[in-house]
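Common to both upcoming complexes is subunit A, partnered first by subunit B, then by subunit C.
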Partner chain A sequence: MKKGKKIKKQTRNRRRPFDGLQALFLFLVFCLITLLGAILSNSPRTVSGLAGAVASLQDQSGVESPVTAVLLNFRGYDTLLEVMVLLLAVIGVWSLAKAPFPTPETDISPVQMGVVRLLAPVMCLVAAYLVWQGSHLAGGAFQGGAILGAAGVLLLVSELPWLHAIPVYVLRIGLVLGPLVFVGTALSCLFLTGTLLAYPKGTAGWLILLIETACALSIGLTLALLFGGGRPESDVPGGDSP
Partner chain B sequence: MIFLADSPSWMITPVILPLIAGLLCFLFSRRTFVIALITALINLFVACLLIYQLLVFGTIRYYIGGWRPPIGISLRTDGPALLMLLMTAVTGLAITLYARGYFSYRIADPVRGSRHQHQQRYFWPLWMLLLAGLNGLFLSGDIFNLYVTLELIGISAASLAALSGKPASQRASFRYLLISLLGSLTYLLGIVFFYRTCGVLDLGVLQNTAINEPGIRAALALLTVGLLLKTALVPLHFWLPPAHANALAPVSVILSALVVKGSFYLLFRFWFELFAPIVTTSALNFMGTLGAIAILWGGIQAIRQQRLKLMVAYSTVSQLGYLFIAFPLSRTLTGVPVWSAVIFIALTHACAKSAMFMAAGNVYLHLGHDRIRNLDGVRASLPITVFAYGIAGVSLMGLPPSGAFIAKWMLLTSSIDSSQWWWALVIMAGSLLAMVYVFRVMSHFFVIPKRESLKETTPLSPLLEWPALILALIALFLSLLAPWLLHILSQGSTGLAQLFPGGLP
Partner chain C sequence: MITTLLYSLTGLILFGMGLFTLIIHSHPLRKILAINVMASGVFLILIATAYTPLGQGEIDPVPHAMVLTGIVVSVSVTALALILACRVQETSNRTLRKKTKQPKNTKGPKS
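Coming up: the complex of A and B.
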């Protein structure tokens, strides 16, 4: 009897049984989803949204892709803040932990090195193409940045020695580049046309490409550094001396 | 042309300037305090300038990128938004100064100096981006843009809460992050329902399209739950006390005074402007009941706490309840100025709670602990801090000269006028509880310790003590500014003017 109790306690420690509270919770979530689904399917879609309005203003936006037009022209302010949120994620991660120290003796197999040598340049090329393509088809800073980030992750897992020799200020500049170019463009628009993010006539396409290129670089770096899981070892605390 | 006093371009400064400051603070490792201080000063100046513009020109809308709604995003100023902006600017300046004093004191510590230097390195960019998010939230006029600002606030606030690095604070801030994300996602789901039904995102356009159909009601419920999670109304308050109490002292101030106000402000705007036609009396009563439970439960928990910072954090739970008591009292027909009552509570609480958390932080720095039982004799060594604590306590109780007194008076009269006397009982019980938990600590401050154990400690810098005292004094004398604040409030809040046909006082 005593022993049985003990074993039961141990198993509970290892793995909590499926108790009533969880069942109730699951049931409530199920009810909520059903309810929301019922509301969605029953309420008539009265309005078509903003797609028509976007299409009618497309030729003034400087780009041919409606998604890019919304992201960087009509609702550029949202994207500006979103880019800041990505930067915030890196600042938050860096404030919490150091990156795990690279193990020096790990042998990377030649197959992996070969694949990295082949893939990394191609991925950079694809990223650049996606950013450029953003002006007329699906693509843009976020897609290009995602590919760049994947390339960065590939380099990180291959433990290339020169990655750890990159000075931290270069990383910081790279992280800030996209947001800073975005804010800078927005402010120069303010001084040129009198309104924030109102691109001067005829320059919208080029300015959007500039912003997208800078943001793609920063987003790629952000994603790769998030995978790194902490601030680089060489990041010494600075700040004003007391 | 842009820099003229009547240019609408000033409206973007409170958002763009802290963003740039945050980027620079992250980029440079030196002079970050100077950047932050200049930003806070300009922010305060611009907040005052915007109020001047409001008084002269009325409500202004700013179309970003020159695109009009429904396609673009617009910012707008009105009385409530600008008062919240002013509140953030004043408290933000005090917090910036206090944080400087705090980090200087901690870095001077020979043992743990480098750790605090590291914390300071990340504090400034996070704080600046949080400020940008808050300002963006108060000014934004677009329901999706509000979601982005909520993300900005939530992620930077969770990172700030984790900054102290202690296991307790990391656990609490991780929970805070999860709750905050859950709140954001619920809010986003609400937007989906809303956009599907109405097809627009701009609040000004939406104002006229909120109709009573299931999609809109689902949207209201989802938006409300998401924002309540972030505002920490009982019973969704469980994450708040550990997250606020275990953070660094300046971070506790930011979280308790400003961050919870942002989501509450949004909630209030939704309930009383956007969704006003479909809000029912029973829904209002439900929110009021939750508020009443929050006042009582938070007060009782605050009395039971053994640590000063936890006590102050539970007092936040309690004070947030007053904001929700205003909900059921809004339906009284005499044109009761609920909006002004809520703003007064929010302003007073922001200033008083900042002062109180600063005082608690000072006590912690001075003694090395904050166990309420062992606080004897602090008055002798930290007179200014104890004075600030006492005055802030007076404001929390809602005694006459403070801003909370006016607010509670409005709530009391309107509850008795509308013969809903039970709210009045809760309000008075809440004040009584506040009195108990404030004086319980106060009495320890004044006890003269039996053994003269005056250990040699570094004296606290004026940057640590004076911001607390000044904020406490502002909270105390807020009622003297009441006519001026009410005048600002009555400017251009069109939705509320319809709600109260008698006009705001």
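Coming up: the complex of A and C.
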């Protein structure tokens, strides 16, 4: 307690004087922002970027939504790597920390239970709808995954006892499901058509939906487990605590 | 036109605020938050520039896709950074405790 107070006092003392260096840096940042603002306001707004190129290839992409077409067809390689980044983040977090899963001592309040019972199924439904909607409107794997992640966070926050009973290999399979399906599709496309992630004609829509579903599950699980803040306790060898 | 410019300038100001905080403050949590604020500013600028006023609601989907994945990636990067910051805090606190235990009379680790 005392030490924390002392540290806080020290940092406050260190922060208080607004010395010349900070003022200079503030001025520099201000100059940078002014410069960038001038560039932004003077840049021509008539160029449409890649919108025309995307629109001309839209009917070949297998989906009607241009964002999904870019995400999973035209620039599928980027998305593949980003899904890998998510997996790497979970691996990093799991190798650094153990999850501080608290053992539930008190009963969950009925109000909280009611909210969870009401919201969690609806959130799963909304996530599934968003993934399905991704083919023709705004939506897709990342939005659906975010909603699924929020549902997982809700379950984690309410400290449901059956969350501890989930075996870790289920979580691991769920984590790698999206990347595996994505890589598997990419490799089979490589064998079938000769190019990585060049879908065979006519199958693009279904393949995109398959990848999106698997990725949404994995992204949701990833976000929820990142919120959990580390490797589950039951995963540690020998320490199979309830 | 003026709306797009407003969004871009707001994103720019967010970016500047984040950059300033990132350099000025030494606490890792503040740095992580500052990077998040900077990322939000960049996302805002990208979304604003993706809107082309001539095409009547027509958007450039490439920046949208980039921002979409970028948001999720930035969330996971934030989580990883927070875990790393926690580890740094734990280890540095341990060394600080050791240092303060050995010499009892001195007031802190600062020389």
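As a working rule, the second predicted complex is superposed on the first by the 209 of 242 C-alpha atoms of A that agree within 3 Å, B and C clash if a C-alpha of one lies under 4 Å from a C-alpha of the other, contacts with A are read in each partner's own complex, and residues count from 1 in each chain.
The criterion applied here is as follows: a contact is a pair of C-beta atoms (placed from the backbone, for glycine too) under 8 Å apart; a residue touches a chain by one contact, two chains touch by 3 or more.
Every value quoted in this text rests on a predicted model; they were computed, and no experiment measured them.
Undergrad: Give one of first, second, both or neither to describe whether A:Gln22 is in contact with subunit B, with subunit C, with both, or with none.
TA: second
Undergrad: Touch test for A:Arg75: subunit B only (first), subunit C only (second), both, or neither?
TA: Both: A:Arg75 reaches subunit B and subunit C.
Undergrad: Based on the superposed arrangement, let me know which partner A:Val54 touches: subunit B (first), subunit C (second), both, or neither?
TA: After superposing on A, A:Val54 lies in contact with both subunit B and subunit C.
Undergrad: Just checking: does A:Lys201 make contact with subunit B only, subunit C only, both, or neither of them? Give me first, second, both or neither.
TA: A:Lys201: touches no partner chain.
Undergrad: A:Gly37 contacts which: subunit B (first), subunit C (second), both, neither?
TA: second
Undergrad: Give one of first, second, both or neither to describe whether A:Gly92 is in contact with subunit B, with subunit C, with both, or with none.
TA: It touches subunit B and subunit C both.
Undergrad: Quick one: classify A:Met84 as touching subunit B (first), subunit C (second), both or neither.
TA: First partner only, subunit B.
Undergrad: Under the contact definition given at the top, report the residues of subunit A touching subunit B in one complex and subunit C in the other.
TA: 36, 40, 45-50, 54, 75, 78, 82, 85, 89, 92, 96
Undergrad: Which residues of subunit A touch subunit B in their complex?
TA: For subunit A paired with subunit B, touching residues are 35-36, 39-40, 42-43, 45-50, 53-54, 57, 73-78, 80-82, 84-85, 87-89, 91-92, 94-96, 172-173, 175-176, 179-180, 183, 186-187, 190-191, 193-199, 237-242.
Undergrad: What residues on subunit C touch subunit A, complex-wise?
TA: 1, 4-5, 8-9, 12-13, 15-16, 19-20, 23-25, 27, 45, 50, 52-55, 58-66, 68-69, 71-73, 75-77, 79-80, 83-84, 86-87, 96, 100, 108, 110
Undergrad: So in the complex, the part of subunit A that touches subunit C is made up of which residues?
TA: 3, 6, 10-11, 15, 22, 25-26, 29-30, 32-33, 36-37, 40-41, 45-51, 54, 66-67, 69-71, 75, 78-79, 82, 85-86, 89-90, 92-93, 96-97, 140, 142-143, 145-146, 219, 222-223, 226-227, 229-230
Undergrad: Under the stated contact criterion, what part of subunit B meets subunit A in this complex?
TA: 1-2, 9, 12, 16, 19-20, 22-23, 26-27, 29-33, 62-67, 70-73, 103-104, 107-108, 114, 117-122, 125-126, 129, 132-133, 136, 144-145, 148-149, 151-152, 155-156, 158-159, 162-163, 165, 170, 189, 193, 195-201, 213-215, 218
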